[in-house]
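Two complexes are shown next, each including chain A; its partner changes from chain B in the first to chain C in the second.
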Partner chain A sequence: MKPVYIISSSCISPQASFHNENLDIPLHHTNENVFYCIEPDYSKFINPVQIRRMSRALKMGFTAAIDCLQKAGDPRPQGIIIGTGKGCMTDTEQFLHSMREFNETALNPTNFIHSTYNQINGMVALNKKINSYNVTYVHRGFSFEHSLIDAMMLIDDGDAEMVLTGSFDEMTSEHFDVKQIWGFWKEEKIDSNQLMLSQTGGTIAGEGTSFYLLSNQKPSSIAVALQDIRTLYKPSNDDIKNTLNLILKDNEITHDDIDIIMLGESGDYHRQAPYQLIREALPMSQPLVFKHLCGEYDTSTNFAFWLSTEILQHQSIPRYLISPLNQLIKPSSSSIKTILIYNNYFEQNQSMILLRLAD
Partner chain B sequence: MKGRLIVSGLGIYTALGKGVEANNYALQSMQHGLSSLDYLKTIHANAFPFGEIKKSAEELIQEAELQDNKGFTRTSLLGILALKEAYIQAKIPFSNSLRIGIINATSVGGMCEVERYYFDVLDQVGDFSEYSDTIDCADCTHRIADYFGIKHYVTTISTACSSSANAIMLGARLIQKGIIDIAVCGGTDALTRFTINGFNSLKNIDKNHCRPFDANRNGLNLGEGAAYIILESEQSCRERGASPLVEFAGFSNFNEAFHPTAPNPEGEGAYQVMKLALEKAHLNPSDIDYINAHGTATLTNDESESNAMKRLFPVLPKFGSTKCYTGHTLAAAGAIEAVFSIQSILKGAVYANLNFETPMPETGFIPQLNYESGLDIQHVMSNSFAFGGNNASLIFSKIKTS
Partner chain C sequence: MQDQQELILTLKTQIIESLNLQGMTPDEIDNNAPLFGEGLGLDSIDSLELMVLLERNYGIKIEDAREGRKAMESVTAMAQYISEHRTK
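After this line comes the complex of A and B, so read on.
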């Protein structure tokens, strides 16, 4: 498929990523094994009556989507494609609680309506009157990736010139507790800045949302192109290696052309092997980890995607990324043309996303 | 890929029965599958009719012949059992090197189990670790993919009541793009207290059997089920020695951006999506022989859909809803009704829209009132409309022998 260009983006994350043009934002960390987003002032994006009814996930996702469109001058894309692993967890939980509390009678439908996974898709379309192709992917660690692939297909087929795509996921304290019981998180509390130095199993929780306006038209300024994406379901080591080779071959680049590999290492000692494999396959590339900044969640690659586009656009690795976890192996003045994001979501859902500075 | 897209396998499990034949028989006999609930525990069990599949979890596990049945939700089990039938018909061996992808759809995934043990997990009473992460939509897709060894593209769509129609569309597009060769497309949804209470809080469940397109309709009935279709190119189908059933001729997805849960009463979104599907299929409205309508029997849907049909079709084709047989199976509905639509072509038959008495004053439309066979059904349209304005329309066509 032809590459697509990123026209605008918007990211709400546990870091000060929203409306922050300066990449040297101060680093936020947590000692509680869970990251929550820094929420923006919603009043600029949502009317006050609606704000009160909306849960965090809805507000964050909707705001990032609307902001992304506004940054591009409010065009009308021909597709809205959104990924979410868990949808609006708060609403799902609240509806479960009220079913119990009120013994299945006299329930308020708002939480039920908001718990439907395509809620933000519908809200964005309604708010901006965008009559178009509109789909929600709900496949755990593939939700964001499959949204991107669909957007690329739509543009490649000529069915759309512009597509709004992105993803959202929220962590609630209750969902954190449930997943703690099921062994997803580390048993001991750690400093997120030390995440990858940990020698234990489990990871830390997080959340975030980011949206992108993708187009077949290259913008006149410095442009980042989404070149290729592959998703691997429960792959073997050979599958991972073969896919890496294939993505290089199909895009006519070599191992050495990958300037940065953005790795989804989660600090889970037992899940490090596939990342090691990628590190060894790309010894000349600058490895960077990111989950110590956003935590682990179904659509965490959206944060890596945002970071990567920022790095390519600014042609530098932000200072806050450089730490004992991310030591530079190349002089910081080297040009950055190509970034490969590799993520491994609990072995099941693995992905490779190739981003390039457009020529 | 160039050329026609072919459906080579069908699988279905609804309150009408397990398998295409059982469902055909019920439709032919004009026998609905609605009843009070025997298996799902809810205070609403006797308050409304439901399209419940009369099988316990244990019986479904036995039918699926699972060696290790830990953590299989009812949603996963229904999906596996429906897809098994499609696999056999499409002659796909369980172990193979084909580039097969699964595009699954569900509205609440494993909620059917999650809602039973959720508070016990929070209180840490008992061990429910086998169900870890079944709260999402991907769990059932993973279970189904692993059962059949599907690896090449594994994904799940959730656009409420149009989910599996969108899954079928995506399957077609992935094949056309050459990303996969064979697409397993469909959806599965088990009845849950969550959705029953959700729709009840919206006050759109009928206490009686639903009456699609009737002036006095009073809401929908909920149901459960799963259905899958196997899509591939004509060439792939021929090379594998499978039998082509029908052609998947056209499709469209269109958001009408009108209201969070209600359709435009004028039917603008429904009109556009049907029109776009016809264009994609290079067909005229007069080519459509039967419309398997979304027809939920809610006040708003049937008004909107009727108005859209009135505007698009100068001469109204035979049409009707089959939700009066199965109940509204939400994310599975698009695939279940795709199977009924395909069977309509293969059997040359159209289905009776049950419980209809009085035409709606807006259109005066009378849906198909009897099961009718011996017809030459060339093209069938199947509609699915959803919360959030997510509309979808699919067109299946008889395979031309030229």
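After this line comes the complex of A and C, so read on.
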């Protein structure tokens, strides 16, 4: 597939990522094993009649999508493709509680409507009157990746010149508790800044949303291209090594061309091995970790994608990223042309996303 | 038996809560103003929420859409309908 260009982006995360051009923003951290997003002022994006019914995930996702379009001058993309691992959990939980409380009678329509995974797709389409291709991917740790792949394919096939794509996921206290029982999160409380130094299993929870307008037309300003994506389901070490070699070969680059590897390391001592394998395979690349900034969730690669795009556009690694967790191995003045994102979502869903500064 | 004025105040509080009319107080809802379109400016999803409110709180199940429209013309109309049809 041909690469696609990122025309605009918008990200709401546990960091001050929304409408913040300054990458040296202070680092937010948590001691509660869960990260929640910093929510923006929604009044500029959502009308008062709509907002009173919307839960947090809907408000965040819808706002990021609309903001992304507005930054590009409000074009009409030929596709809206959104990924979510769990959809709007707040509405889903409220609906399930009502079912139990009222014995499956007299159920609130709003919670039901908003609990459906494609709610943000529909709201964006209605708001912007975009009646073109509209798809939601609910594929756990591949949800964001599959949205990107579909967007690339739609553009590559010539069915669209421009596609709005992105993902969202929210964390609720109940969802956190359920996954705590399953052993997803650390048993002990940990400062997120110390996450990667942990020697225990489990990680910290998170949430976030980011949206991108992708196009086959290169923008006139500094352009970042989404070059390639590969997904691996429960891969062996050989599968990971082979896929890495294949993505490099197919894009006619070598190991040394990867300036930064953005690693989804989550501080889970038992799930560190695949990352070590990638680190060893790319010894000349600058490793950076990101989950101490956003936590773990199904679509956490959306935060890595946003961060990588920002790094390529600004040609610098944000000061807040440089820490004992992310020590620089290259001079900060080195140009950054290529970033490979590698993520391992609880060993099931693994992905590689290649981003490059367009020539 | 709850008198009509008390019922109207209770109903207004329930409407604010169930429709999440943030920042609004019962005093700000005109008893006789239309709930939909003008007046409170509610829409079709709100009408479904109000039907749920009637069923949960007063045991009233509205099956006929025309009857529902009439019953939900205003707060006064709703209170009157509740008084006549409530089962709890």
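We take it that the second predicted complex is superposed on the first by the 359 of 359 C-alpha atoms of A that agree within 3 Å, B and C clash if a C-alpha of one lies under 4 Å from a C-alpha of the other, contacts with A are read in each partner's own complex, and residues count from 1 in each chain.
In the analysis below, contacts are C-beta pairs under 8 Å (C-beta built on N, C-alpha and C of every residue); 3 or more make two chains touch, one makes a residue touch a chain.
From a predicted model like this one, the values you see are computed outputs, not experimental measurements.
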First, second, both or neither for A:L195, with chain B first and chain C second: neither
Which of chain B and chain C A:L69 touches, first, second, both or neither: neither
First (chain B), second (chain C), both or neither touched by A:N121: first
Contacts of A:L307 with chain B and chain C, given as first, second, both or neither: neither
Chain A residues touched - chain C or chain B, whichever exceeds: B
Partner chain(s) touched by A:R53 [first = chain B, second = chain C, both, neither]: second
Contacts of A:I113 with chain B and chain C, given as first, second, both or neither: both
Contacts of A:I229 with chain B and chain C, given as first, second, both or neither: neither
Partner chain in contact with A:T105 - chain B first, chain C second, else both or neither: both
Chain A residues contacted in one complex by chain B, in the other by chain C: 105, 107-109, 113
Contact footprint of chain B on chain A as seen in their complex: 1, 80, 85-87, 92, 95-96, 99-100, 103-105, 107-109, 112-113, 115-119, 121-123, 125-126, 128-140, 142, 146, 149-150, 153, 156-157, 174, 177-179, 181-183, 231, 233-234, 298, 348-349
Footprint of chain A on chain C - complex, ascending: 18-22, 41, 43, 45, 48-49, 52, 55-56
Parts of chain A lying in touch with chain C, wherever the complex brings them together: 49, 52-53, 102, 105-110, 113
Chain B - residues contacting chain A, complex: 42-44, 106-107, 109, 115, 118-119, 121-122, 124, 129, 132-133, 135-138, 141-142, 145-146, 151-160, 166, 170, 173-174, 176-177, 179, 193-194, 197-198, 200-202, 253-261, 269, 272, 386-390
